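Each chain gets a letter, A, B and C, in the order it is written, and its residues are counted from 1.
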């Protein structure tokens, strides 16, 4: 948008929103919002506290393990459904249901199956992220031009070569798109899992802050989480862009 | 190169009614178009379009022929200069001009019937009346029986017939066609050209036709305006003297037809690297 | 590619171009086989058992029947659906109008788009426990939880839909003398409707997450209460039945919405 003849970047309105937040906080209009400056002060303090660092470590490790599993299994499942008609018919419906289902309802079940600890969080991340990765991979695999596979075969490629050298690479743009969406869902999974388990990682901190009504700390932690989620999405987005030039060739 | 508008009456005009009037219905005066970033698309274009004639704008790609057509349509504003329609200055689209789009621009959610009647719908014509008009033009472009089909159920050629019927249905004096056959395969294209010639006799409208095909321009036009490379200017105006009384195949083998094609090709040749 | 693949149903459709061509009959058989496979695997896993807290499929179904018979299921759904429906209606009306306004006006886009972009990528669920502190335990808190999760995705999809309307159709409309209002009603909204609907589907999915989180985290009522209560008393069959029922219910709701869209809003899609 342009203002007085100058181009104003899109995200700059966030500064305005922070200002509004500050004013609302100063006027004590809504109980939920302390002044933004107070939140920033709490943020600086928070990131230095050992409790926060320990929680970050737990969160990061569980998130990474869960995502790694989801990516490996999701791609495998997607390729299977994309290549084998029967697998698609049998599993497609369930993958679809789980991709759009309210999986948070499953977390209590996970809690009794895997205990009130890190294992449950890993499984939550895995379950939140895997389905969209599988669906996008499947879409990518099904959109490969058949002549590409015929080409590989005609030059004597074996079954393994076809998968490792053609199919995975040709479907890469869709797989990456799926992974990016999977990351966003995985972050939601790690947060929802921790909120519901509420005795490890950030969940414990959230529980503490909301019980003792520490609004500034609560928002500081929320901002950290939001920033983490956006950072993850940006990073995968950047990786995706580097592949884009060759994805465009396919159109 | 100064734009010269030769108003030569055609000697061998089998259907006099096509050239019933030589009065100019559209005048283009001193048009310049400069796109942002100093792209000079059109330079000092002066042209007159006579009522009832079919004029082609022909030139290499990127010469600004579509830009000129859109300026005449009122969809783009010229940087300098005016377009006059029946003596009145153009400030935007008007009821006396109707546009046929290169990409058809059909609404995918609407049936053929509604697409054809869309111009009338926008004017607030009652449903019964506009359906009646739409059906008439659907039949005229040879799509009778397809009224309730959706665009994606039609072939490219049929879709463009819908676009043509829509433009005819609003009963404008001038039809502006922007490369209407470029997205259509060759056979359909020829059939379409023949139909367009036939339609001209029935409809008695003024046609302005943008194309990059020399054969198409010569086959269809009373007058061909050649535009030069960017910045586009009028480099030549040709009035083909072709006897169109014969069959399509006879026209395409006609001496005058072949000579005109060759003449234009020689004129355009130096634009092509 | 993005907006489409973000929608699981659309991604699925894109992955199955031949789906419509196959006979309905065959699809039905595959569906049944697929369901049988799932239930069978569940039953076997429950009988082994892989975990003491993992009931068999049959005992889960029995528990479900029991809860339907004694009315607890119906009552729980009543409590869950009321705030969900209110929240979704509010989100749909507010979200579509905000998104469309963002697509039509640059100033609204500048002001609102960043907020919703941040909200959509971020785990908003973290804020839900806080909602209770302001609005207490009750209907309002639940409705706000639903809106918090459903609104961003509905807004962003409507906004993307309007911003990406086929420009050629807009030119066509103005060349046939359509007014700005006609352009919005007759071209922009119909052309944007598939993506707006995809947003609604995603929004409903998110709304289900919102209501379940609200019931699990702040107000133990409805389906969330059934899950929490039966877990506490180690009544696992009942707990699984409640969990599975809400997941199946949301899946049915989403397919129903897609059916509505195809039948009424964009009938041409069904014919391809």
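Here is the rule we use: a contact is a pair of C-beta atoms (placed from the backbone, for glycine too) under 8 Å apart; a residue touches a chain by one contact, two chains touch by 3 or more.
Since the model is a prediction, treat every value here as computed from it, not as a measurement.
> Please find which chain has its CA centre nearest to the centre of all protein CA atoms in view.
Taking the mean of all protein C-alpha atoms as reference, the closest chain is C.
> Suppose chain centres are the mean of their C-alpha atoms. Which chain sits farthest from chain B?
Centroid comparison gives A as the farthest chain from chain B.
> Go ahead and note the Å separation of the Cα centroids belonging to chain A and chain C.
It comes to 18 Å between the two C-alpha centres.
> Averaged over CA atoms, how far is the centre of chain B from the centre of chain C? Could you give it in whole Å?
The answer is 49 Å.
> Roughly how far is chain A from chain B, going centre to centre by Cα mean, in whole Å?
53
> Would you tell me which residues of chain B are touching chain C in their complex?
Against chain C, chain B makes touches at 73-75, 92-95, 97-99, 101, 103, 105, 107-110, 118-119, 121-123, 150-153, 166, 170.
> Spell out the residues on chain C that touch chain B in their complex, using ranges where they run on.
So the residues of chain C in touch with chain B come to 166, 168-169, 171-179, 182, 186-187, 190-191, 193, 266-268, 271-272.
> For chain C, which residues count as touching chain A in their complex?
Chain C residues touching chain A: 1-2, 5-6, 8-9, 11-12, 14-17, 30-31, 33-35, 37-38, 51, 53-54, 106-107, 109-115, 118, 121-123, 125-130, 133-134, 201-202, 205, 208-209, 211-213, 216-217, 223-224, 227-228, 231, 236, 239-240, 243, 246-248, 250-251, 254.
> For chain A, which residues are in contact with chain C within the complex?
Residues 1-2, 8, 10-14, 16-17, 30-32, 81-82, 88-94, 96-109, 111-113, 131-132, 135-136, 138-139, 142-143, 173-174, 177-178, 181, 184, 187-188, 190-192, 195-196, 202, 206-207, 210, 213, 218, 221-222, 225-226, 229-230, 233.
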